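Two complexes, one shared chain (chain A), two partners (chain B, chain C).
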Partner chain A sequence: MVAIADSVPKPVARFRFILDRRNVLGSIMIAPAILYVLLLVGVPFLMAVYYSLSAYTIYDPSWSFVGLANFEDVVQDPVFQQTLYNTFIFTFGSQMLGLILGKFGALVLLRPFPGRKFVRALVILPWAVPIALATVAWQWMFDSLYSVINWTLIALGVVTRSQAPNWLGTPHLAMLSVIVVNAWRFFPFAIVIFLAGITAVPQDVLDAATVDGAGFWRRNYQIIMPMILPIVAIGLVFGIVFTFTDLSIVFLMTMGGPVGATSVLGFAGFQTGIVSGDVSHGAAISLFMLPVLFIVVVAMLRFIRRREV
Partner chain B sequence: MAAVATRDIVKKFGEVTAVNGISLNVPNGEFMVLLGPSGCGKTTFLRIICGLERQTSGDLLIGGDLVNDIPPRARGVAMMFQSYGLYPHFTVRHNIAFPLKTQGVPRAEIGRKVEWASQLLGIGHLLDRRPRQLSGGERQRVALARALVRQPTALLLDEPLSNLDAKLRTSARQEIKQFQQRVGVTTVYVTHDQVEAMGMGDRIAVIDRGQVRQVGTPSEIYDNPADRFVATFVGAPPMNIVARNGSYLGFRPENFLPKDMVKDAAFTEFQFRVDRSEYLGSERIVYGVLEGFDAKEVVTAKLPPAHVAEEWIRPGEWHPFAVRDAALRHFDNDGKRTSRR
Partner chain C sequence: MGSGGNKNNRSVTRRSFLKASGAIGGAAGLAPVLSAPFVSRAVADNKSLSIVQWSHFVPAYDTWFDKFAKDWGDKNKIAVTVDHVPVQDVPARAAAEVSAQSGHDLFGFNGSGGAHLYRKFFINLADLVKETEKKFGQVTTIGKQLGYNADDGSWSAFPDFYINFPGMYQKSLWDGIGMKPDTWDNLRIGGAKLKAKGKPVGISLGHSNDPSTTWRGLLWSYGGAIQDAAGKKVVLDSKEAIEAAKFVAALYKEAMTPEVLSWNDSSNNQYLASGVASYIVNPISAYRTIQQSNKKLADDIFVIEPPKGPAKQIMGAASEFYGIWKFAKNKEAALEFLKYYRDHWPEAFKASEGYNNPCFANLVPKPMPILANDPTSTPPTKMAILQDSDKWSAIPGYPGPATPATDEIYYAFILNDMMTKTATGQSSAEDSVKMATQRCEAIFRKWARRT
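Then we have the complex of A and B:
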């Protein structure tokens, strides 16, 4: 009796090895990520689409379908046009500045010098510090009265006290300020990307270029840069996507001001949809990010693929 | 094209002395091979010549001019690297054109020269490919074309064949040699493969631990090695060296023959005990020891199998062997060859 029962595999025993099956284990491992994306990105996205096609406000929560009327309203609004323009300036300005800072930072950090390890660790700081905290610090630096930057400029005799720039109170300077802060936040990421790229360039190739008569600049711009372009482009895609959809720096530093000069899509969508309660128009504003980012990302990925052949 | 000369070049990397006083003259148009074991400083020496590395002391002259302080791009030498160092993001055409572009050669002339170099090396059909789409042999030719296209003052080659398989290596050896003769460019060729060195070099410089042991034509190096290092480094199997009366006696395995095969009147006879033999088709290598010498000094003989029957050299047997006196070499206690033959 006992012997027969033992020789038949029990269902429990079979189930014990289910995790050894590649496809089962794979599904289980990826499930949290998929669930996360579906619940926290997919559902809100569908809701945003739904709201943007309705006349929903928090005062009148009716689900009446209005077609593309919200989008028409938004596009014709000059404030929105300004916001869209600002978003592009903010994104490309800060990415450019971040890339330049990253490139030079990487070149500096490649050379051995005393304390290099310490500096390398320090450089990651802007990325690691909570953005709210860092922005408050920057806000003080740009403050009309207490600006350290202005003090320095005055002390150096570049400007007089009466001419000292009002960083956050002048439209162009305010845009410059948020760009600088965003670039400052992103450049450690750019440094890491550049360092990874540059150290992957074989020494033989660089030596060959040197012997072939290329000086420092030519080596940099005709050999190293084209060779690391695919990896830099990937980093740039990330940077663009994050910056284009970001609202934290603008929200914390300028509240979109002065007079909407630094308002960006994320911020405007939040203001209209959540703060003012006009959910349908807010959703419509936010959804404008989608086609723009889609085009940018597809174009960059195609470019990268072509370069890698 | 120009002569390359070095005077007492020393290169130290911290504690390590990679090059320890090399003085070498490479006349215009010569094919000079640097031969030495791994880590003896060959690559470092080449990198000093082309300016990638600055020597700790010593002088470097190219075409009679002192170029110690001249940057690589102004020296006009071309170097081909062990792994070729092709630019992966450029096409073959662009790779070959690059050294010309850096010198501001006019566009039309660049086209002409790229055409010339690619014809010379038979890679005209590859011009629009990228390096990763090429085979090892094709890459090597592209690298060679890139090195030659600007007609350098001197061509430096660092183990250019080490990435190729044995068959391709033989044909590439021919090609480089023929091609160097046609163009007549002063060439310094680094290798640790003595077959390459013997087959290609007009002269060979044997290097050990950062120092030149001997410079000479392949036959000088082979027949009259300057010291025990050269004697045992060149030749396969290497020269036999046995201690005798406080000095050393050397003879090549192919000169160590059964006594009745030695035709010269003057010869030295040895009793040879066969331990082991290898049949290699065109030759038979026999290992054993000599009577009256240290039993740890293994001696090899290279015999023509057509003349020596297999039964004749069974292991454990003693046989009378002899070396022509003209083929005997004497080394003193320090390993230097004494002038007396």
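Then we have the complex of A and C:
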């Protein structure tokens, strides 16, 4: 009797039955991700919203409600207006450059050549290297005293020592420098996106276009690009969100200088909210990103959906 | 098979399981009672003290401090851990510990207004400061600016040390033109002559600590200031501040190069070490590094008091203090360690090679070791002038206290930008000062509502 009873493990069967239900299993599998988003993104986000509407500082952690007063203070600051402008230039400049580099990189890596696998692995490095390490290396390349870029330009006779660009000391060049570093960091991701997209384009479509007389440029911009646009748009959404909220490159390379020319929202929010202890104004600065990101993401997602339809 | 199994293979029956778990539970319950006489000492020994502070610019100091703290812990049977964080990470670390209401017992803070910003979270160290004053003389002005709260007489922090910013110059170059960089005007005139010889002056106009400190010194030496002595009002918009900004423009154009616009805190050190700079303003770590890498150049580098201005001779300084969190688990141990550390402060002074300067009058009696007679320097009295650096050093907030508002002005690089805009011609001195004043006033108004 015991042996018969033991051979029918009912609870396991019931459990298996539950797991066989698609909606239950799906919920179980997605639960950790939802929990993660709720606890580590949702709660801090809601706290940031409340901080921005309160009088909370490290000196006086008071939750008293002040309405939109912090936002009014922030908007009236002329330096903030420049910071907002810088953030747009930094984000869209680096995404544009990253996409162009990514497209060219993908086209190069599609063609077979000796050592292609090694180069493909190497290209991922900028993405994989810790940003602090990479930025320090770039800082030396843009250094006013020891810039290897300037050394090369001088050695090639392009500029003289006195004409050598002061990469991080001239406002426009400093912005260009941080854009270049961010684009360098982003372009491996763009290559992966483009490679995934291009390899998914059916070969017979390309062959038919070639037979019809389409050259390299026409194939690329009238056939491949429209077909892979949804996946590129997804990559771009990621890139924009990550760049708009980034402070590490500016913090490590320029500290927002010279004269605030490279200060971006993430950096300004950190300096005000954490370093100076004015959490409420810091949160207000950081939350300025929200409507912009919301509009960009919604517009991109609508565009993607329309393309898919 | 798995769950049914062969009856003979079963190693655990319900009865044996209950027996075993009962025995284990009973033993666990009785263990504290039975072992109490033997373990009470061991429990006492498990006390701990955790300290966090910046990674010192003189690495040997950290080595000394870690051993010093560990030895104290061994003597008192307290496990001491010391964490060192990069100086720029200190504010974020403090904010995180306060938010979590948990962290290190003793917090070594770097930044002038921090003690006031975190006032509600630090225990009052007034007794410790009073006791220290009795033993080692009066607390200095910088020490008072750092930790004292005038409204209730409390001390949010124990002033540990300040870092002075003297001038450093290549003596042979300045002797060659028959001048000395002892006043701001001489620095500009002599600097222009030396720039023509490829040896410019190197003072940063970027976003970092060194220029924030140096240009405050210049502003004060011209008789200007950001706030009044009471720390209530912004007084930056003055003819003295405009003159100071005009001077920076002249110094930049005549004696410096555009490279300074992008400098961080190590750039002027590298400039001096490369042999190019004729003069920089920096803590003595710049000179110490050159001593190790280029003895000949180090011998030619002399340390000088900051340049005199039309109003006074004064220079900005950096500072360090210790606070004990109210939520610290081992406040007593932290306090005892601070007392022991204070009593052995001259050892800390030596370990820092004269970099850490005392905040109490007689903490390191004169002649001070190393500074009065440094056998590694030629001549050995090269740094003797630093013994009196408390007479010409002040921290952000001067002539008033360091506050959260003065700290925010410091971290927003408002003064640096005021000087840079004027120097590069982005705006006139008058407009730069006006714009900087408006930003300072906005920050003061904001903190007035919150403090």
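Assume the second predicted complex is superposed on the first by the 281 of 309 C-alpha atoms of A that agree within 3 Å, B and C clash if a C-alpha of one lies under 4 Å from a C-alpha of the other, contacts with A are read in each partner's own complex, and residues count from 1 in each chain.
FYI, a contact is a pair of C-beta atoms (placed from the backbone, for glycine too) under 8 Å apart; a residue touches a chain by one contact, two chains touch by 3 or more.
Remember, it's a predicted structure, so these values are computed and weren't measured experimentally.
Novice: Looking at the superposed three-chain arrangement on chain A, would you call chain B and chain C a clash or a fit?
Specialist: Taken together on chain A, chain C would fit alongside chain B, as the superposition shows.
Novice: In the superposed arrangement, does A:212 touch chain B (first), chain C (second), both or neither?
Specialist: In the superposition, A:212 contacts chain B only.
Novice: Could you tell me if A:157 is touching chain B, chain C, both of them or neither one (first, second, both, neither)?
Specialist: Neither chain B nor chain C is touched by A:157.
Novice: Check the residue A:223 against both partner chains and state whether it touches chain B (first), chain C (second), both, or neither.
Specialist: first
Novice: Consider the C-alpha centres of chain B and chain C from the C-alpha centre of chain A, and write down the angle between them to the nearest 10 degrees.
Specialist: Between the chain B and chain C centres, as viewed from chain A, the angle is 160 degrees.
Novice: For A:32, decide between first (touching chain B), second (touching chain C), both and neither.
Specialist: In the superposition, A:32 contacts neither chain B nor chain C.
Novice: On the superposed three-chain arrangement, identify whether chain B or chain C touches more chain A residues.
Specialist: C
Novice: Quick check on the superposed pair: does A:67 touch chain B, chain C, both, or neither? Answer first, second, both or neither.
Specialist: Neither partner.
Novice: Return first, second, both or neither, reflecting whether A:275 touches chain B, chain C, both chains, or no partner chain.
Specialist: Touch partner of A:275: chain C, not chain B.
Novice: Looking at the overlay, does A:202 come into contact with chain B only (first), chain C only (second), both, or neither?
Specialist: first
Novice: Which holds for A:174: it touches chain B only (first), chain C only (second), both, or neither?
Specialist: A:174 sits against chain C, while chain B stays out of touch.
Novice: Nearest CA pair across chain B and chain C in the overlay: distance in Å?
Specialist: Once the two complexes are overlaid, chain B and chain C approach no closer than 50 Å between C-alpha atoms.
Novice: Taking the two structures together, which residues of chain A meet both chain B and chain C?
Specialist: none
Novice: Quick one: which bits of chain C touch chain A in the complex? Just the residue numbers, please.
Specialist: For chain C paired with chain A, touching residues are 3-5, 7, 91-92, 95, 98, 116-120, 205-208, 258-264, 267, 270-271, 274, 404, 407-408, 411-413, 416-417, 420-421, 424, 426, 435, 439, 442, 446-447, 449-451.
Novice: Which of the residues in chain A come into contact with chain C in the complex?
Specialist: For chain A paired with chain C, touching residues are 2-3, 6-7, 9, 12, 55, 57-61, 73, 76-79, 142-146, 166-170, 174, 254-260, 270-272, 274-278, 281.
Novice: Could you please specify the touching residues of chain B with respect to chain A in the complex?
Specialist: Against chain A, chain B makes touches at 47, 50-52, 72-73, 77-79, 81-89, 98-99, 102-103, 130, 146.
Novice: Can you list the chain A residues touching chain B in their complex?
Specialist: It is residues 202, 204-205, 207-215, 218, 222-223, 226-227, 307, 309 of chain A that touch chain B.
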